[in-house]
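Shared chain: chain A. Partners: chain B in the first complex, chain C in the second.
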Partner chain A sequence: MENDLDKVVEEIMSMPNVNGCLIADPQGLCLASKGAAHVDSAGIIVAISEQACKIQPNMKPPTVCLETDKKQCLIQRHGTITGAIFKLKT
Partner chain B sequence: MAVLAIFSLPIQLYKTNKEIQEIEVGAIMDKIPDQIGYLVLTEDGAVLESGGELENDERIATIITDLITLSNEVDSVAFGPSENFKKISITFDDHWYIICLSNKKIYVVKRNIHTPLRESNEINV
Partner chain C sequence: MVDDLRKYLNHLLEKVNGLHCILITDRDGVPLVRAVTERAPPLALRPNFISTFGMATDQASKLGLGRNKTIISMYSSYQVVQMSKLPLVITFIGSDNCNTGHILSLESQIEPFLKDLEVVVADAP
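Then we have the complex of A and B:
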């Protein structure tokens, strides 16, 4: 299982401008992380995606995008798994 | 009675600062393309102004202020301590919310997403 997950993380990291990637379980525990994404932020990332789901609980979980001047963080939930991608802005 | 009526005249003629501000914000928000609702909140989540589908929507206001509080704690390694988020967007299938902070107020806009026509190759940014 870990091998499959690592392969996905590698694939995401190979995309342009991606400098970090994190995958977390529903309890907020980190399943995989690479690059700038720190293991400790898994809990916060799951909490953010849960909070965003509360806006419209009957709809598909939304994509949350947090932006600074130079970087952005994309968070999306798929089933029970939450993924976060840290990107540099072009 | 006549004297009283004269004194009350200026109050009826001129709008208060708050009313002028509300009209201005409403006019600006109306200019945003595909806007279907907006909220202006204080930092602690109180609704200052609202309109469209988000009119007096305190539920969304609470969710969004909680989301902002959470976002302040995201990864200090990826985002340095001096890097504050300037924009948060929440994208659903057919609409999205854009959240910005300015002048100690939280601005939230709900916008429609038009699904591009199949024959169109344009990418909406």
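Then we have the complex of A and C:
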């Protein structure tokens, strides 16, 4: 059932510098996760994307980028599904 | 101590959209600390509703999947998330579209405060 989703996650993980990937549903429950992404962070990732959407409610959901010295986390909502990609900075 | 915890729970309530209340009770549903907004359904705050979790978690633990930790109940307009922290039970009540994952992630933020409460419940006759 989730083979297609797993394929997408594998594809994302094969990209350079990506060390984690997480997909969550609108309830903040994890649908798929791999690498550095922790299942428990699904709720917080969806909450961050929800808050970001409130900045400009009429526009399409923004991509949120959380950055630290060594890592980057990109959060994007597409319809009801929210995805997060964890990357190592080059 | 309880006042500080109540303040902290109220702070957590504001952080999660659609979360109506957080209750910390004992196994029988007797409330120890509660943070409630006016949107919380009064019937769900009664001990006879909360105490049903004790039986449900015991039965769920017999499914052969290990000890039951959390039960999420989805209703038409509310969701109830109950966590077993024996001898305590944490109950979250939110709207049906509230972020369930965010509620589950509050567990780790409440857990450090439970040690002192556990002692109080364990010492009670």
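Everything below uses one rule, namely that the second predicted complex is superposed on the first by the 89 of 90 C-alpha atoms of A that agree within 3 Å, B and C clash if a C-alpha of one lies under 4 Å from a C-alpha of the other, contacts with A are read in each partner's own complex, and residues count from 1 in each chain.
In this section, a contact is a pair of C-beta atoms (placed from the backbone, for glycine too) under 8 Å apart; a residue touches a chain by one contact, two chains touch by 3 or more.
Just so it is clear, the model here is predicted, and its values are computed rather than measured.
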item	value
Contacts of A:A24 with chain B and chain C, given as first, second, both or neither	second
Touched partner set for A:A47, first chain B, second chain C, both or neither	both
Which of chain B and chain C A:T63 touches, first, second, both or neither	first
Chain A residues touched by each partner, larger count belonging to chain B or chain C	B
First, second, both or neither for A:K71, with chain B first and chain C second	first
Interface residues of chain A shared between complexes with chain B and chain C	40-41, 44, 47
Chain C - residues contacting chain A, complex	16-17, 97, 99-105, 108
Residues of chain A defined as touching chain B within the complex	19-20, 36-38, 40-41, 44-45, 47-48, 51-52, 54-56, 59-60, 62-71, 73, 86
Residue numbers on chain A that touch chain C, as the complex places them	24, 26-30, 40-44, 46-47, 50
Chain A partner contacts - residues on chain B that touch it in the complex	60, 63, 66-67, 70-71, 73-79, 83-93, 96-97
